[in-house]
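First comes the structure, then the notes that go with it.
The first chain written gets the first letter, and so on, giving A, B, C and D; residue counts start at 1 in each chain.
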Amino acid sequence: MDSNNWRERLYVIIFQTDTVAGRRFDSTLLLIILASLVIVMLDSIDSVHQNYAPLLAAIEWGFTFIFIVEYGLRLYCSPKPLRYAFSFYGLVDLLAIVPGILALYYSDAQYLLIVRIIRMLRIFRVLKLSPYLKQANYLMAALRGSKQKIIVFLVSVSTLVTVFGTLMYVIEGPANGFTSIPKGIYWAIVTLTTVGFGDIVPKTPLGQVVSSLVMITGYSIIAVPTGIFTAELATAMRGADQLKHDCPVCSKNNHDHGAAFCSRCGNALFKKLE
Amino acid sequence: MDSNNWRERLYVIIFQTDTVAGRRFDSTLLLIILASLVIVMLDSIDSVHQNYAPLLAAIEWGFTFIFIVEYGLRLYCSPKPLRYAFSFYGLVDLLAIVPGILALYYSDAQYLLIVRIIRMLRIFRVLKLSPYLKQANYLMAALRGSKQKIIVFLVSVSTLVTVFGTLMYVIEGPANGFTSIPKGIYWAIVTLTTVGFGDIVPKTPLGQVVSSLVMITGYSIIAVPTGIFTAELATAMRGADQLKHDCPVCSKNNHDHGAAFCSRCGNALFKKLE
Amino acid sequence: MDSNNWRERLYVIIFQTDTVAGRRFDSTLLLIILASLVIVMLDSIDSVHQNYAPLLAAIEWGFTFIFIVEYGLRLYCSPKPLRYAFSFYGLVDLLAIVPGILALYYSDAQYLLIVRIIRMLRIFRVLKLSPYLKQANYLMAALRGSKQKIIVFLVSVSTLVTVFGTLMYVIEGPANGFTSIPKGIYWAIVTLTTVGFGDIVPKTPLGQVVSSLVMITGYSIIAVPTGIFTAELATAMRGADQLKHDCPVCSKNNHDHGAAFCSRCGNALFKKLE
Amino acid sequence: MDSNNWRERLYVIIFQTDTVAGRRFDSTLLLIILASLVIVMLDSIDSVHQNYAPLLAAIEWGFTFIFIVEYGLRLYCSPKPLRYAFSFYGLVDLLAIVPGILALYYSDAQYLLIVRIIRMLRIFRVLKLSPYLKQANYLMAALRGSKQKIIVFLVSVSTLVTVFGTLMYVIEGPANGFTSIPKGIYWAIVTLTTVGFGDIVPKTPLGQVVSSLVMITGYSIIAVPTGIFTAELATAMRGADQLKHDCPVCSKNNHDHGAAFCSRCGNALFKKLE
């Protein structure tokens, strides 16, 4: 009984965010994850690594230890441990531990620690949860709604960069940096997306004319995904604050939030209790 | 009779996508086209070419052979061979063969093989056809609707880059990389589209001031094609779910969103149940 | 009388685009202007200039001569020569001649010939005129409607680049290419507009952090002019096909094009002739 | 009495913009601020600094003196000096003086003078005030409305650049310029935002494939903030001209666009003249 009580209290603290203790736990956890990420990043800087490698490794191991304990507690206090273990967050939590253990044997494995960044998704649980999820839902709805348009768009873009990349390979040739068709395609992507690194640039007049075409195309068709997404998002947002309920008389099918009567034909939307 | 049966079955497999066999045929074809494209790309890489040129040429010839057979079968089983031969897909299918044959005599002709990418358009037939076409139709409708606005936009952009390009040629001069007016225009396009390769950059203070102007212009007017396309797309999408309801008196068949009375004959669109 | 007839016919040909002769005249003129621009561009290429300078100068002078004759004819056949001379097109036509004459004395003046590109605006007269003007009007209406928002936006951007440019000058210093505050501002504009030439790049870690901030800001606030313009354009387009007429009963103030009755209250919009 | 009158007149001139004198004062002040900023910028240019440093320092001190006098007058004529001193503008006015005084002792402090740019915000008071503020309000409303979506977006982008940056560090390694994970993240930001400096570029084929992914992602998701902002702005603008008409029965005061019946009480919004 006593142990069960303890487990339940632990469950509330670790898994829920309604209580003060629960939110404090999640905030602390986020800070630890963030600190762990910073350590990984610092360790990748050569001058830091040469001076503080053992210290950083120790700290990193400390974090891994904390995460192991946390994972153990989660398994322990969860009413259905297996269900947690195979849930999305459960797998992510496990993934956050494994590279730390592997790093004991293979030092390169430490870079895998960066997967811990996925745990940062918990940040939405610490911030007031629901409004963010609702907004994410809008974005998701807009993306889902535009999925097919996006595929049409991506296929078109892929075709464009392949054609332009090959064309530039033929025109400019290896002497000007276009050493192969894949390189040409890479250049076409760099140019079409308006990134423009400048590591490979057209040198021949004809190549510059084709480049200009690629650039103006890229500059213009950015309007396409933007237009698609904007239109879908506007639809998703409009849809969300309107009632989906067919008026029995005129079949107007979206109404003001909280409407009792149809604003077009004036009929009661729901039968009155007479 | 037997031969006719065989031809009909072949026709269904090759030209249609409703049957399992038909879709499997199209999927296989797409994979072969993709493989053929990959081979062309690989062959363009110098180190690969030097080691495997004969092998790749053989494979490429194999693919060309497959496409020749496929083209022959299409001609054979098509009820109207000539109509197929001069249709869009028919010409593309022919185009996919010619460079392979030419490559036997002129080795550079192999790059023409990249035209095979056009055959990838068949991908929309393998994926569930109609919803994609409907989405493509929306995009097309939006593009058609904004055609004139786009021409106005492109003429304005052309004028801008010519003026700015000449201005930069006069200001910066050949010493700073602006060796001619066309080069200046090329630079203006690179800059206005926010690509910014960095192969030619302004060095004089006045040149940098003019550049800043070009960049801010480019950064701002990207809003124009985006705005045009978004507004047109929204219109095209709204048009699709506008109120389609015939007025009982004058049978006007599309009305304001939420119209209660017909705007042409003034009759109530929905009778009230009194 | 005879001379007057001739002048009138000339007027119709030169100034109007309704007749076949008039449109042919305008098309020819556009081609000559284009050819003249191409000659100026060619002449600016060093290798071409060294070989063909006298030829190109002769051709250019030929074009100038044609434009002088055309300007003379316009003045001659115009019913109100002075009004034409001081109209927008009249001044542009004059501007297209002056540099050609100046170039006889100062060879550098030839680059001024590029002002002839302004004459290309006549292109909208050759293409079917009115729909393009209507579209340009939409764009103009959208720009006018968003003028104040754009000023707010430009003032904010100017402030941002000044602050960021100074910050980077202080952080990076002359050793890393940020030789002065104006140079820092130039860099900030290059970066904020996502052009990214790469001629000046941050080298210190702190500078790269600030740069990241500038880039993400620039990447995000591009949404602002786009959003402003899109919203205004949508409004301008919606407004254009709706009738502005207050319903006398419910004062609904925009109606379907050609609406005879208010779609909200069903009242006749215009008094009937009883 | 006499002194009070003088203070009141001074107050009207310095703090208000309704009178001619008041607007002239603000315009003059803006010009002085601008001149002061130009001097700071000029002084940062090495060649100018070496020749005119004493002169520029003197001018700058003159400006600082003017601002001190102005600050004193504001404190003197303000009815509630403390309230002004701790208001936003009061603090900015103070900030505009401090660096000028500090510069007497530490010459580097002069760069802090750039904070004077914040004073340029007064420009909106000189231009006709209210329409700009209204427009700024729209923009603010749109930004507020999209705050949560923007946070979701920024967290996603941060995660993306961290993952991609680490990936590129592992793939390309220090030999190709990716000397540490933070550097990789910096590169990912440069690439995702389509800035593309070109100071660090992928050299390995795998790195170029991942880069292409980053670029296409960056090119596509720019649609997200744009879409969010556009949709919110359109909503904010639509809200402003929504139907404000009180229902005669339940006095619900905003209704669907084109509503004929109140959606809360079902009463006709507009009586028909029968």
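The criterion applied here is as follows: a contact is a pair of C-beta atoms (placed from the backbone, for glycine too) under 8 Å apart; a residue touches a chain by one contact, two chains touch by 3 or more.
This structure is a prediction, so every number in the text was calculated from the model and none was measured.
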| item | value |
| --- | --- |
| Of B-D and A-C, pair with higher C-beta contact tally | B-D |
| Most distant chain from chain B by Cα centroid | D |
| Contact-pair overlap exceeding half with B-C, pair selected from A-B, B-D or A-C | A-B |
| Residue-number overlap at the chain C/chain D interface, same or different (half cut) | different |
| Gap in Å, rounded to a whole number, between the CA centres of chain D and chain C | 28 |
| Separation of chain B from chain D, taking each centre as the mean of its C-alpha atoms, in whole Å | 39 |
| In chain D, residues with contacts to at least two other chains | 182, 185, 194-198, 218, 222, 226, 228, 230, 234, 256, 258-261 |
| Chain C contact footprint on chain B (complex, rising order) | 148-149, 151-153, 155, 159, 162-163, 166, 169-170, 174, 179-182, 185, 191, 194-198, 201, 205, 208, 211-212, 215-216, 218-220, 222-224, 226-228, 230-231, 234-235, 255-256, 259-268 |
| Partner chain D, residues of chain A touching it in the complex | 37, 40-41, 44-46, 111, 114, 117-118, 120-121, 123-124, 127, 131-132, 135-136, 138-139, 142, 150, 154, 157, 182-183, 185-186, 189-190, 192-199, 218, 222, 225-226, 228-230, 232-234, 237, 255-256, 258-268 |
| Partner chain C, residues of chain A touching it in the complex | 194-198, 226, 230 |
